[in-house]
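By letter and in written order, the chains are A, B, C, D and E; residue numbering begins at 1 in each of them.
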Amino acid sequence: MTDLLTVSGLHAGYAGGTVLDGLDLTVPAGSVVALLGRNGAGKTTFVHTVMGMLRPYSGSVRLAGRELAGAPAHAVARSGVAIVPQGRRVFAPLTVEENLRIAAPRRDGPWTVERVYELMPRLAERRANRGDQLSGGEQQMLAIGRALLRGPRLLLLDEPSDGLAPAVVDQVAEVLERLRDDGISAVLVEQDLHLAFRLADEVVVMSKGRIVHRGPTAEFRSDRRRAHALLGVA
Amino acid sequence: MTPVLELRGLTRSYGSLTAVDHVDLTVAKGERHALIGPNGAGKSTLFATVAGTLRATSGRVLLNGRDVTALPESERARRGLLRTYQHSSLFLGCTVLDNVALAVQRVQRVAHRFDRPARGFRRTQTRALEHLESVGLAGRAHDMASALSHGERRQLEVAMVLAAEPAVVMFDEPTAGMSAAETERFVTLLEGLPRTLTVVIVEHDLDVVFRLADRVTVLHLGAVLASGPPAAIRSDEAVRAAYLGAARTEDLFTGGAR
Amino acid sequence: MDTYLVTVLNGLAMGSLLFAVALGLSLVFGMMDVLNLAHGAIYLVGAYVAVALPGDGASPAMFVAAVLGAAVAGAVLGGALAGMTRATPHHLDQALLTLGVALVVAESLTVVFGSDVHSPAAPAPLDGGVRILGETYPVYRLLVIAFGAVLAVAVYHLVERSRLGAVIRATVADRAMVSALGVNTGRVLVGVFAAGAALAAAGGVLAGPILGAQPGLDEKVLLLALVVVVVGGLGSVRGALLGAVLIGQVQALGVALLPEYASFLLFAAMAVVLLVRPAGLLPTPTAVRA
Amino acid sequence: AGSSLGQTGSGGPGDEVRLGLLVPLSGVYAPLGEDMRDGFQLYLDQHGGKLGGRTVRVTTVDEGETPQTGVPAAQKLVTQDRVTAVVGVVNSATALGLRDFFHESKVPLLVANAGADAITGDRRSPYVWRTSFANGKVGAALGPAVAEEVDGGVYLITADYAAGREMVGGFRRAFEAAGGKVAGEKYTPFGKTQDYQPYLSAIRSSGAEAVYSFYAGAEAVNFVKQYRQFGLADEIPLYGTGFLTEGGVLDAQGAAAVGVKTSLHYSTELDTPRNKEFVDAYRAEYKELPTVYSVQAYDAAAALDKAIARAGGTGGEDIAKALGGIGAIDSPRGPWSFDADHDARQKYYLREVRAGDGSFVNAVVRELG
Amino acid sequence: MRTMETTAPAPAGVTGGRRPVRRGAVVAVAVAALLVAAPLVLGAYPVSMMTRMLAFAVLVLSVDLLTGVTGMPTLGQAAYFGVGAYTAALVGVHLTSDGAVQVAAALLAGLASAAVTGWIAVRAHGIVFLMLTLAIGESVHQLADTWPLVGGGNGLAGMPPVSVFGAALPAAGFVYWWVLAVAAAAFAAVVLVVRSPYGRTLRGIRDNEARMRALGYRPGPAKFGVFCLAGAVAAVGGALWAAQARFVSPGDLGFEVAALALLSVVIGGSGSLWGPCLGAALVLLVRDNLSAYVGGHGALVLGLVFVAVVFLMPRGLAGLARPRRKEVRS
């Protein structure tokens, strides 16, 4: 199995301060890696750096061998990476429909706006609402739909279940499972361990900007004590 | 049992959409009341209408038996009715400490004093630090709020609202974005709060809901679908269909003792 | 009564000019969230292009060429400004930056053209007047009205009805996120900026025969455009149009009816509108946040 | 430079005379300032760089648009550059604001444009002299002539600021004293009016037989052009103070100004040998026609020339005293002298804009009273 | 003057809080000493220049209080500056040359005029507030320009030299000391307010007014209060300006003054109080002095300075005092 994403020696942070301190991570093609860790561990920083939304101080980010570190986000996006950002970041002044339309690439992809509506009918009902006239959960659905429309090879999911009702989490999980089966890779940052374990092939735990654990999901689940220690729960 | 918060036929529409539809709800003093429901059910809208951020289309809000429907948001807050935001709403250009101190100094009635530097108001500073301590942010007191991660902001949001010494506090998905450890701390914090304080909480994390709540109300399409003790709600078929979906009962971890 | 009708007509002409100038400002401010204080200076560049036309009473073809030339010059300046304003997302810093550029541009124009007042003539066939309701009215101003109407329709469709418009609005809301959707936001920014500046410069040529060209005109025009934009509501084409028509009438009809208060009218009108509708007459719809 | 705790005064005696030229080089008055600078320089050039037999060193500073910049600039000339006398000042408020300063510093100020009546009226100072004009007098000069030429009411319109009100006020007094009737009056917002159509409509419907106005700079251009564009020029004759059609303003107005009649103390078209010689010299040097502003500064140099020659030394006090006794100055505008108020006592001319060869000029119709 | 430690939002990570404060205090004392000693060594013109800078800095201080601290960008403070200047001049011409009386009268007039006009403006936000204050400023300017009682466009002249404790101050250096003393007092007062709980309230309003309401604050009165205070401070600046120039004209409260004041705040680094005061000095220096060397094209220099500041000092002059860090995209 080849690695789709290879990150090595990544240093990044804000205003000169360092958050990621020489981080290495690989995501094999067709697999889902769950990225876990306490608040402030640096998960979002990592995801943003891969996406090109934050310029790393140093290090390498390779997608299928192509160096992306330092490339602007639109270039990263065009090489097949899509993000469901933390905090949703839907476009407030645009309608649901417009939010989706501007995400859809001009050429045909596997996803269409109609298919997103089918997946999340709630969005179809609210298609004429502006982004900021949606409930929190509806915004999260929109953010997921927007990323799917990009038809990515690599999905960066930063807490996609945040704010979703349990039933919807279920639906989303099903979709992601199907995508995984279709060969899409993903980095899944999650606090909902049910969802993380259900989707991930491997679990990576971050703490203070470093990776402190990496292993198959089943192995991670087998040691409750270690897992609790890693995640900071007594 | 004295009702501290009563909603009578509370309704709020956005144009043709009635997001909150004739909701009647009574919350007793000291109660831990959970509000759950599918996305878009109207939970946040309900909170905003009760808090006074949004005007009610019709219906009334009673706080300690007094009608507060006509009062602006700040007046309701002064009477102890406060809420947190689903999307953190912080003072991003201020320090973490200042965020909490803003709440504290209002309660201590020194918010408009300008005869001494703020540092000189010891009581305010210590109180604010205590609140930060309680959510685990004391170490970041002097960082800018904008430098907090998403989950840290959620914690600050909690500290801020508690620092405003509410009589009734409405938490809108407080643990969304908090890690397991932080969620645990939040639940412990809530459990430790005195029973003079009334809590209404919206949550999608059912573990939290069922651990904390005395009573649970389910909102669906803006209206109350069911209301009752947690056990009754958990087994309610309608609730299951509208909200819970496939129950996730399996144990997360397969090995080791708990 | 007839007197006032001609005044109303004239208010339309001024409104039309204001629209052309304010539109660019409104687009750049409302859509790109950059307060471009160099807008007036770019307008002035256009006005001086009209001055530089060979001789008075140029041919219409020459005049059209001047409009296009000015638009290109404006676009170049606007593109440069877009590049510069990327340095900072803060409104006040942008104000400082664009004002600095405005001073440099305006002062350079003075170096080249001197500080004398210039007043280019309208293209020869349009330089006359027609009798309307017993008064002589300059033909050129009628043309300006027509131009404003065409511009309004065209831009409305482009901005508020197309995918490009949606991308632009999204870029203001969250630039990094749009970028993460594969859109080169730098280009969007430059494009909108260039278009806005091109409008300003073209407006300068168009207004040349009416307002002339002289040092200091840039500030006056900028101020008027700001008033129009704020009164109309930021970022909306219809708002800019309504604001321009309103301010045009305030300065024509209002001045005719209340000459003693002429100097207070502009700001009084603005204050009244803003007190009643703080977001302007026709803002881009903003929802109440829960 | 020493301390700043003592009184300030002008530079001590010496062979060289240091003069300050305070004219606007930026802002709306810059065209005036440039003409003044050129006029002053021309006089110096014509006299070998010497005034009253002494070598002159000129420091030019920018007056800017308002006293905000003008006053500090003058203070710099006096306290830093230690000049013996200052020439210039376009803005009346700046001149008025500087009065006390020059008075107390005992440094002569030769105002070469600013027209406020009060500069040489109520608060006259032994140190402040004016080689230009007083607003009211320029306006008044035309009053009797218009009363005589026009049969019917005259409409008054001007920019709403001190100079506008003084000029129109001066005109009105003289005009009404000569039996003229005012058909209406309007004061348009100063510096804020670009479109005069509402006022032009009002003029038309007032039934006035003539219009009297004062504008300067861009406002003058717009007013005169629109006066023609809206068809009034062919129906109602336009009179005004000379600034309405002076210098660069007239160039910009072009044909639209033809027929406008104004009063002023100078015109390039004055048919005297002294003026011809001046115009030729000026043209040769600067490739353009002089303006009244050039002449006012030119004459300030001439006045200083005489005063320095008369004065025993080059101290400010001596020169100020000497200025009172210099008698008539043989100027391109015709002979003039300082009156008791330290103002220029001079002739005014009735001028009419006519097409010259290739450009437009203020032809001199006749002398005014 | 306890200046340096006033960098309004505390820099991130104040772990080593001690040393910067002490260094700041040293710099503050040094600056204060230099300011006091200036007239002993400098000539009359530089000292009068510095006097104007101080007066203008007081105006800029009031703009920073509104713009940087409270988040209300204003183009109207020149109006209150003018009110103060005219009041001081009127008192000087008609009543007394006592500087303290003039300053006190100006302060009250500024307070009153801000109170009368402020209630309209404080209801607005951002650019709308900016435009409303501009409207106030232009209207007051128009009034000054046409009102005969204050001399109209010709301005108000004839103010005798200012006196302090009965002694007239004829020389530039003494006027300077008087202005320095009052400006320092104004600065100290504003610093105190900004660091007080009320200052925190104002920063809260700047960052998130809706949230303030949800916490039980009434932002309206708090904003009105600071608006009045800023009006009073600006008016004190105006009185000081008048004390130096001994002449007031509509030009002193025009748009240009308002704009330069706002720009000084940005140049200095908004919210830091001392930065904008430096910005004020820089702006006046360029406008009044450099202009002479470039043949009336001072605006060109000023424009280049503005552009340079944005690129070289992203956080204004105040930013230079903090360790420079790499900027990153986010």
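By definition in this document, a contact is a pair of C-beta atoms (placed from the backbone, for glycine too) under 8 Å apart; a residue touches a chain by one contact, two chains touch by 3 or more.
Everything numeric here is computed off the predicted structure, so don't read it as measured data.
K.L.:
Listed by label, which chains are in contact with chain D and with chain E?
P.N.:
In this structure, the chains that contact chain E and also chain D are C.
K.L.:
State which chains count as neighbours of chain A and simultaneously of chain E.
P.N.:
The shared contacts of chain A and chain E, listed by label, come to B, C.
K.L.:
By mean C-alpha position, what chain is farthest away from chain A?
P.N.:
When every chain centre is compared against chain A, the largest gap points to D.
K.L.:
Could you find the chain whose CA centre sits the greatest distance from that of chain C?
P.N.:
Following the centroid criterion, the farthest chain would be B.
K.L.:
Write down the chain pair with more C-beta contact pairs when A-C is set against C-E.
P.N.:
Most contacts of the two pairs: C-E.
K.L.:
Once you find the CA centre of chain B and the CA centre of chain C, what distance in Å lies between them?
P.N.:
48
K.L.:
How many angstrom lie between the CA centroids of chain C and chain D, rounded to a whole number?
P.N.:
36
K.L.:
On a C-alpha centroid basis, what's the spacing between chain A and chain D, in Å?
P.N.:
Their C-alpha centroids are separated by 74 Å.
K.L.:
Where the CA atoms of chain A average out and where those of chain B average out, how many Å apart are those spots?
P.N.:
28
K.L.:
Out of chain A, which residues touch more than one other chain, so two or more?
P.N.:
14, 53, 133
K.L.:
At least two partner chains per residue is the criterion; list those residues in chain C.
P.N.:
Residues 110, 176, 263, 289 of chain C each touch two or more of the other chains.
K.L.:
Going by the contact rule already set, what residues in chain B reach two or more other chains?
P.N.:
In chain B, residues 44-45, 53, 147 touch at least two other chains, as defined above.
K.L.:
Which residues, counting only chain A, touch chain B once they are in their complex?
P.N.:
Listed in rising order, the residues are 14, 37-40, 44, 86-87, 122, 126, 133-138, 140-141, 159, 162-171, 191-194, 197, 218, 221-225, 227, 231-234.
K.L.:
Show which residues of chain B lie in contact with chain E when the two form their complex.
P.N.:
Spelled out, the residues of chain B in touch with chain E are 51, 53, 72-75, 77-78, 82-83, 85, 89-95, 98, 101-103, 105-107, 110-119, 121, 124, 142-144, 147, 160, 164.
K.L.:
Using the touch rule from the top, collect the residues of chain E that touch chain D in their complex.
P.N.:
Touching chain D from chain E are residues 39-49, 52, 142, 145-146, 151-155, 157-159, 170-174, 176, 245-247, 249-252, 254, 256-257, 287-289, 291-292, 295-299.
K.L.:
Enumerate the contact residues on chain C facing chain A in the complex.
P.N.:
163, 166-167, 169-170, 172-174, 176-186, 284-287, 289
K.L.:
Which of the residues in chain D come into contact with chain C in the complex?
P.N.:
26-28, 30-31, 34, 160, 186, 188-190, 192-195, 197-199, 201-202, 204-205, 217-218, 220-222, 225, 229-231, 247-249, 251-254
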